[in-house]
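One chain, subunit A, links the two complexes that follow: it is found with subunit B in the first and with subunit C in the second.
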Partner chain A sequence: MARLVVLGGGVAGHTAATFAAKWLGSQHEVVVVTPNSKWNWIPSNIWVGVGQMTREDVTFELAPVYKKGGITYKQAKAVSIHPEGGENHEKSFVTIEYTGQNKAGETEEVEFDYLINATGPKLNFGATPGLGEGSQIGEHTVSVCTADHAVHASQELKKVFEKAKAGEKQKILIGTGHGMCTCQGAAFEYIFNIEHEARKAGVRDNIELKWISNEPFLGDFGMGGLHMKVGGYVVSSRLFAESLYAERDVEWIIGAHVNKVEAGKVHYELLDGSMGEEEFDFAMLIPPFAGVGLKAYDKDGNDITDTVFAPNGFMKVDADYTPKPYEEWKASDWPRTYQNPTYKNLFAAGIAFAPPHIISKPAKSPNGTVINPTPPRTGMPSGIIGKAVAHSVCDLITKGENAHLHEASMAEMGAACVASAGKGILDGQAAAMTVYPVVPDFDKYPGTGRDTDYTFGEIGLAGHWIKHILHHLFIYKAKLNPGWTMIPE
Partner chain B sequence: MVREIITYPQQPSLEFGVNVRKFDEELFSLLDDLKDTIKENNLDGLAAFQIGNYFNVVVVKDENGDFIELVNPRIIRHSDKTVEEESTAYFPGLSAQVARYNDISVVYQDRKGNDKSLQAKGKLARVIQRKVDYTFGGNFLTKLSAEEKKRFEEKLGGKSDIAVGGVCPTTFVRDKFMLGANILTALMIVNFIVSFFVSDTLKETLWNVQLYSSFGVVGLNIAYFFYGLYEGHIYKQCTSCQVGNFIGSVAISLVKLTVIMLLSYYFM
Partner chain C sequence: MKVEELNFAKEKFNTTMIPGKTARFFRTCLIWQFIRFVVINIKMIIVVGKSH
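Moving on, here comes the complex of A and B:
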């Protein structure tokens, strides 16, 4: 009997664990180590953040689902990985610290044959002074990255709306809280959902909305923008975005690295080296992401974290990490199997793997500050990678060590994303976008590196409906309800 | 080498806005061609896109008439929006009132790949904005107001077929079909209610009316959808002209119809 341990029960980890358990059956064991008792459909946190959904709408208890799926569930967080085993262990093991199940604070060493690291991002608020400490958000701004953050955000937003209703002018600032953030899409959704709610509440006239982000142009989304074919012509997501912002009366600051947050004020540096300040009554700034800070040790207890993890804390996989200038970036730099090159029984999936470089064009201010979006790894690629990695591990377990590994390169994978711009059965709006491939392949598609036939965007009511249906569909799937395997990632 | 400037109604290129990654001979000759073409035609500036090249490259003339080469330019700061008269080589001999910023900051690379930035004001700022829009697949019409666009199209003599990023009309013909479908649906509700108060034979007639009306609603929806597609083709960038919206509207209308027909079927 072999044991697969999955660290993290988010999009990638949950997908990997549930499929592995199904494919391996009861002959082998699948263990999930994740610190939360509830699963969260993160994309819908946006709607929690504007008070249109509750925490309960976007979360569910994991324990009964894992019981149904035949998965051993440990409500704990992983602390360190010991791929070579250790003094008391012949086999590889991972040290975990319980956060629930009446064992909070207790540690345990869990042996494994294979390990999938799907611990996602550490929300690195501490990277910007005033934005927070470590992974804890500070008091000046709000976030929608977790369901709890989103509930808090909606309470604060309500206060702002009340003031606006009483005739007080209010200023709302939404965007990224550091020059090296990703996930601009979430901030984009949030600002337009606020705009929509403000109009519904009749307070739009008293609310000034401003966007601040590290993108080099509006509509970059960390992917160097989308090139969309509309009626035979190719236009950029920049033009789409600029007309949407203008139409909805949202001003923007781009190419910005927020370097300090105070009560009611952010300080920032722009790509041209100039400095600026922006005041606010309410601000939601996405933090930069880092790895969750797992450590690794060899058999003798020596620290080998540098071997297993990249400096930003994400796990090294089969990518080409040789530093290269922009003109030499290739699709083949991106990982295919997500296997750690040193320890073949370690894999990473979702945000937890270290990308070889960014996707947008790299950029620095004259002061040397890096201001460019880092690569997004949205839900769809995270799920696809999680499933591919689970497939590989299952084959390794059932067919032996030489089994062929399954591949899922982000340079050969498309992604579909539906970004909400307002919730409502009849007046909702969402932008539906697809890109192919996520990582541009400049050799295969000379020019932009993307296939313009499969890269497009649309905004409208239907998009909102799709987004709403996806909310129910993915929660249905994650709960392992009948037919869950047929629902795509 | 002086190159041919692409003019309306020809489309400049299918691909656009490709970042320059290699600072080599190909780029140098492109920059030189742009300068030669600007000189020959006595222009303020040109985007590579305007001579049929997909690279994200712009050359403009500054206040002293000196060339500035902008490789991979991005406008990162803007202020002071005003409306002024502008013209472009893409529409020779025509001009329009365009809203643009008078004060911008641009980051870009020079021909050696060094990072640079530039603060531009007034006319130079406007030229750079217009050229940078080209490098993202836009054109002169991208930033026109609804009224100005209409006026400009009249000058062009007929509808222009390049409504990229343009402003949309406020009323569409397709909406008349949907209005018809909605009125018919409302009449069906009235018909349904009336049917409770009439004799059985009349009821049968009313049911037939209901049935034919439902075909009418379906027909109007089909007409709405296809006319919508046609309008979407004319107003390419209108957010309200997206296929998704038509599907949504048709779906709503058909759901209403289904409910009424189910009720009618069981109670009429």
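Moving on, here comes the complex of A and C:
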């Protein structure tokens, strides 16, 4: 009997664990180590953050689902990986620390034959003074990155709306809280959902909305933007993003590195080196992401974290990490199998793998401050990678060490993404987008880097319906309800 | 007065494109959006199919 341990029960880890358990059956064991007792459909946190959904709408208990799936569930966080084994262990093992199941604080060493690291991001609020400490959010701003954060955000937003209703002018600032953030799409959704709700509540006239982000242009989204065919033209996402901001009266500050947050005020540096300040009554700033800080040790207990992980804490996989200038970046730099090059029984999936470089054009201010979005690894690529890695591990277990590994390069896969711009069955709107491929390939598609036959975007009520249906569909799938394997990632 | 043209007065918005009445109407027009719903789903299924 072989044992696969999956670290992280988010989009990538849950997909990997559930498929692996199904494919391996009861002859082998799949263990999930994840610190939360509940699964969260993160994209819908946006609607929780504007009071249109509750925490219960976007989460469910993991234990019964893992029981149904035949998966061993350990409510714990991984602390260190020991790929060579160690004292009392011939086999590889991972040290975990329980966070629940009546064992909080207890540690355990779990042996494995294969390990998938799908621990997602550390929400690195501590990278910006005043934004928070470590992975804890501070008191000056709110977040929608977790369901609990989103509930708090909605309570604070309610107070702002009440003041606006009473005739007090309110200023809302939404965007990224550092020059090297990703996930601009989430902030984009949040600002337009607030705008939609403010109009519905009749308080829009008393609310000033402002966007602040590290993108070099609106619509970059950490992917260098995208070009799509509209009305016979091929146009940049910048035109569409600017159009939406102008239509909804949302001013923007872009190319900004937020370097300090105080009560009611952010300080920032722009790409041209100038400094600025912006006041706010309510702010939601996405923190930068880092790896969750797992350590790695060899058989003798020597620290080999640098061998297994990149300096940003994400796990090294089969990417080409050779530093090279932007002009020399290639689609082939991106990983295909997500296997660690040193320890072949370690894999990473979703946000946890270290990308070879960013996707957007790198940029620095004259003061040397890096201000560019880091690469997004959204739900669909995270799910597809999780499934591909699970497939590889299952083949390695059932067919032997030389089994062919499954591939899922972000430079060869597309992504469908629906960005909500307001919730409502009859008056909601969302920008429905697809990009193909996620990482542009300028050799294959000179000019835009992408296939414009499969890269499109449009805003409307239909997009909202799709977003709403996806909410139910993905929660249905994650609960392993009948037919779950038929629903694509 | 055309509402959509008001926002052009702001310097930042002056060089953008702002949808007019018709474009905005179609965004929430049920019949049109139902057609778009079908079209977008087909497009997404193709991209999802190409990615797996």
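Here is the rule we go by: the second predicted complex is superposed on the first by the 489 of 489 C-alpha atoms of A that agree within 3 Å, B and C clash if a C-alpha of one lies under 4 Å from a C-alpha of the other, contacts with A are read in each partner's own complex, and residues count from 1 in each chain.
Please note the rule applied: a residue touches a chain if its C-beta (ideal position, glycine included) is under 8 Å from a C-beta of that chain, and two chains touch if they have at least 3 such contacts.
As the structure is a computational prediction, the values presented were derived from the model and not from experiment.
Superimposing the complexes on subunit A yields a three-chain arrangement in which subunit B and subunit C clash. Of the two partner chains placed by the overlay, only subunit B lies in contact with A:D272; subunit C stays clear of it. Legend: residue contacts after superposition of the two complexes on their common chain; A:I459 is shown touching both subunit B and subunit C. Contact with subunit C, but none with subunit B, is seen for A:D249 once the two complexes are overlaid on the shared chain.
Once the two complexes are overlaid on the shared chain, A:S236 sits against subunit B while remaining clear of subunit C.
Comparing subunit B with subunit C, the partner in contact with more residues of subunit A is B.
In the superposition on chain A, A:E327 contacts subunit B only, with no contact to subunit C.
Using the contact criterion defined above for the overlaid structures, shared-chain residue A:G86 touches neither subunit B nor subunit C, since it reaches no partner.
When both complexes are overlaid on chain A, the residue A:G264 reaches neither subunit B nor subunit C. Look at A:F217: by the touch rule set out above, it reaches subunit B but stays clear of subunit C.
In the superposition on chain A, A:P129 makes contact with neither subunit B nor subunit C.
Superposing on chain A, the segment of subunit B with clashing C-alpha atoms against subunit C, chosen from 3-11, 39-47, 183-191 or 237-245, turns out to be 237-245. Touching of subunit A by both subunit B and subunit C, each in its own complex, is seen for residues 239, 242-243, 247, 426, 432, 458-463, 465.
Residues of subunit B that touch subunit A in their complex: 11, 13-19, 21-22, 54, 72, 74-77, 105-107, 115, 117, 119, 133, 136-138, 142, 162, 164-165, 232-233, 236-237, 239-240, 242-245, 247-249, 251-252. The residues of subunit A lying in touch with subunit C in their complex are 239, 242-243, 245-247, 249, 251-252, 380, 384, 412-416, 426-427, 429, 432, 434, 436, 454, 456, 458-463, 465-466, 488-489. If you check the complex, the residues on subunit A that touch subunit B are 216-217, 224-225, 227, 230-236, 238-240, 242-244, 247, 253-256, 270-274, 326-327, 329, 361, 363-364, 366, 426, 432, 442, 447-448, 452, 458-463, 465.
Chain contact summary for the complex, subunit C toward subunit A: residues 4, 7-8, 10, 12-13, 16-19, 24, 26-28, 30, 33-34, 36-37, 40-41, 43-44, 46-48, 50-52.
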